[in-house]
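Order as written gives the chain letters A, B and C; numbering starts at 1 within each chain.
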Amino acid sequence: MPCKLLNLCEYETHKLVRIQSVRLGSLKWTFNGVILMFICIMMLWNKEYQEHDYVVSSVTAKVKGVALTSLPDVGDIVWDVVDYSGPSQGKNSFFVVTNVIVTKKQRQGKCPEVPPYGKVCRTDEDCVKGFWDQHSHGVQTGACVKFDVTRKTCEVSAWCPIETKKKPPKPALLASAENFTVLIKNNIRFPNFNFMRRNILPEMTESYLKRCQFNRRTEPSCPIFRLGDIVKEAKENFSEMAVEGGVIGIQIKWDCNLDGFLRNCLPKYSFRRLDEKESNRTLYPGLNFRYYITENGVEERTLFKAFGIRFDVMVFGKAGKFSIIQLIIFIGSTLSYYTLVSVIQPFLFNLFQMQN
Amino acid sequence: MPCKLLNLCEYETHKLVRIQSVRLGSLKWTFNGVILMFICIMMLWNKEYQEHDYVVSSVTAKVKGVALTSLPDVGDIVWDVVDYSGPSQGKNSFFVVTNVIVTKKQRQGKCPEVPPYGKVCRTDEDCVKGFWDQHSHGVQTGACVKFDVTRKTCEVSAWCPIETKKKPPKPALLASAENFTVLIKNNIRFPNFNFMRRNILPEMTESYLKRCQFNRRTEPSCPIFRLGDIVKEAKENFSEMAVEGGVIGIQIKWDCNLDGFLRNCLPKYSFRRLDEKESNRTLYPGLNFRYYITENGVEERTLFKAFGIRFDVMVFGKAGKFSIIQLIIFIGSTLSYYTLVSVIQPFLFNLFQMQN
Amino acid sequence: MPCKLLNLCEYETHKLVRIQSVRLGSLKWTFNGVILMFICIMMLWNKEYQEHDYVVSSVTAKVKGVALTSLPDVGDIVWDVVDYSGPSQGKNSFFVVTNVIVTKKQRQGKCPEVPPYGKVCRTDEDCVKGFWDQHSHGVQTGACVKFDVTRKTCEVSAWCPIETKKKPPKPALLASAENFTVLIKNNIRFPNFNFMRRNILPEMTESYLKRCQFNRRTEPSCPIFRLGDIVKEAKENFSEMAVEGGVIGIQIKWDCNLDGFLRNCLPKYSFRRLDEKESNRTLYPGLNFRYYITENGVEERTLFKAFGIRFDVMVFGKAGKFSIIQLIIFIGSTLSYYTLVSVIQPFLFNLFQMQN
């Protein structure tokens, strides 16, 4: 009989010792019950029976508002969105200029470097032709020329006159940017579940969207934000931050449950300063960049050092949906705890018997 | 003997009851076999024996094409890539202007606000000096001035004349952007596996790249895309979308298997509209931004409201490679199912015996 | 007695066969010990007892340096950061122009296409009105006009004169950009652990930051990088790369352990070229983009084809922290290995007995 030779026809089972005992029986069932409960709670709590997918997102932001400033040497100027935000093309990040240093009518030429960037010199021998370092505004010509009544500095080939002011005006010129508003449109998608949503909810009417403004308590889902409110929510002071600029993160969190009647998928907004307030001046505190407007083609430019707040919209998101495979995997992984029980029980039983 | 005292020298094993039965034996082996097969299939299907790594990617995009438009008040204009795409620096995202509203020769000054943004007034008392809201083009001066023959509106400090047109021209001025093409270069890397690839495959010759154009069926791996085809693949109508603009996602998916002869790592392209077609005018449908060209330095500008399509290139990717550690972990996690079997089998056995 | 009927009061335990044997006992304990050790090592090595969180990061970059170049047809020009980097707004990515082709005073008009883009023609019949392809600089008018002494090409409506040069100057005009430096500020956050850090360490004094420069060996944590060093670390040659441009990735890796005295959270920098050196000219090797400066408003422009290096700052990061739940889950998953042991042991035992 091949069956016998191969030992395939044998069935082995353990011989059991059955002990009749109310105490031991209830102990065993309590034990098993507690573990089962623990596993079920863990499963429901962490939604282990769900498979997950991560968000794919698209953001467009539109800033609105105008400000009237009086720039020194330039006069009263109205700033509209093109002026203070640039051609941002509505991406994940937008910038609002809050302060500015203007250097008018620069031309390529030669002029004395501005201290403390250029060292003070006495004769041409103190200057090295072709030299520049990280703080120079131009390349040294080798000459030592008069900077003001008392000082001489090395001459440089540069855009002249050189930008002189270092510290931005205080209070900030566009401190009123606090009252600008921004509409953030965020479309999300969970590709595996083929589920789409956006932060403008279907129940929002046109008239609601015309007047609403985000407020954590009263209007937590309005997609229109006042810049001052955003900064306040990030626990910063707008008029202080406006002076040197900075980076604010606007976080949109989508924590979605796509299961039947528990369905729930709403965005949550939070705000946070992303850069650090800097006391150290060598580290270029705040956020600024320079741009220019040409006056006569490539030959002449007006340089703007623009300080401002960059708002980075960051979208996080996870969706969960019931999955039979996930459930099977989870149950499989918990079975091992029953192994633990079958190891511990005999010990408990012995312990129990000894006590009696 | 310390060995005895410490009980370390004992070996415990279960006493087995061996039952000779063809039926029970085959039942047992079928049972185990089915589970083993299930585990193996699951393993091979989900490639549980692999460790994974996520993609690090770099994208450059280069748009090509020219268009001839006749702008009202400006005349015939040729648009080349600098005009319609801006200095995009070849990043993950590129923009193509498809429609435009031009406001010529704006200067800082005072002019009547345009209804419906500014309310119609009768006397200066209807206007509030310094007032502006989210829809204003400037800050009110407090005067009520003539807007046209019949109406008076509040005067504002603004860039004058104010942009008046609201709706973009239809059909779109640069509807022919449909025929522009874009070359997308995508280099990817899986850092943990030190594996690199790019979407321009080694077998593509120079002459192939000169003439090829992406087509889902006939040329699914050509890296040159016609904009019209991209929009069509995203199930949108280019000439419709060109009017107000929008956002299209170009998804490149790298699903790589780096194991020996199963090696397979090719990009798959898919396209999708990322924003939502908006019927609601308060929500600024489509995508547009404003930019200007200065005419006489900072004093005069020509304002462009550019509508267009932004193409976001999104790269997703995952690579799997055989890993002995992953295999051990997976086998470990499946062992628990055998525990389940050893729990169920005695019941089955009893059931079986009873039936006989 | 309901207890009996429901069979709830029974407690089952296996009858054990206890074998007194030094050999078998020590075998068993060695076996269990080895597995326990293996599990513990695996746990400590992979820090399986930790829960993890991924980094949220904010980057600002500030390039410094000036360069003196002599552009053909333009003369000596000083390039400062606005000229070579553009209004970058300090985002994750910055661009440094290293080479440039200038086409002066372009105007909208009609001029002969430049070969090889436009085909050489003999009569007007060789040209098709309205025709353009991917390599055209404009839309054909239908006329065949003189290009130079020997050749005639189709006339196009375009920005005239057409950019003629194709290959960038060699050596690169701004090869001295090698000596520019960049300060990278990177603030990170692990939101779940509410832990923040930045790459400017608390022990760095102002004077240190004024003079330090990143060097893998001597100053591996200085946040100021010389562009030449970055490119060298990426195993590329700056002066070669400067000619056609390219993309360099600056990777900042935060691998943090937030547990008590093992606390360790420092950034590690690495550099890598992200695009591919291209020999194939149809694929537009390197990185370049065009921009223009208007000369007389919208009518006239000076076109710059700027070649340069884009530096993409990429931040990766993971933090681990002890978590009791993770520990329980890990122990659970290892228990199944003990099941394996209890299956294998009897076999080993039999094997052992047979040998004796």
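In the analysis below, a contact is a pair of C-beta atoms (placed from the backbone, for glycine too) under 8 Å apart; a residue touches a chain by one contact, two chains touch by 3 or more.
The shown structure was predicted, so the numbers you read here are calculated from the model rather than taken from an experiment.
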Field rot_deg for pair chain A/chain B, CA superposition, rounded to the nearest 5 degrees, holds 120
Looking at where chain B touches chain C, is over half of the residue numbers used by both copies, so same, or under half, so different? different
Whole-Å distance, C-alpha centre of chain B to that of chain C, is 18
List, in ascending order, every residue of chain B touching at least 2 other chains. 14-15, 86, 294, 296, 333-336, 339
Which stretch or stretches of chain A touch chain B in the complex? 3, 8-15, 56, 58, 60, 62, 64-68, 74, 76-78, 80-82, 86-91, 181, 183, 185, 187, 189, 198, 200, 206, 209-210, 293-296, 300, 302, 329, 332-336, 338-339
Listed in rising order, the residues of chain B that touch chain A in the complex are 14-22, 24-29, 86, 93, 95, 108, 130, 132, 134-139, 156-159, 247, 249, 272, 274-276, 280-284, 287-292, 294, 296-298, 303, 306, 310, 312, 314, 333-337, 339-340, 343, 345-346, 349
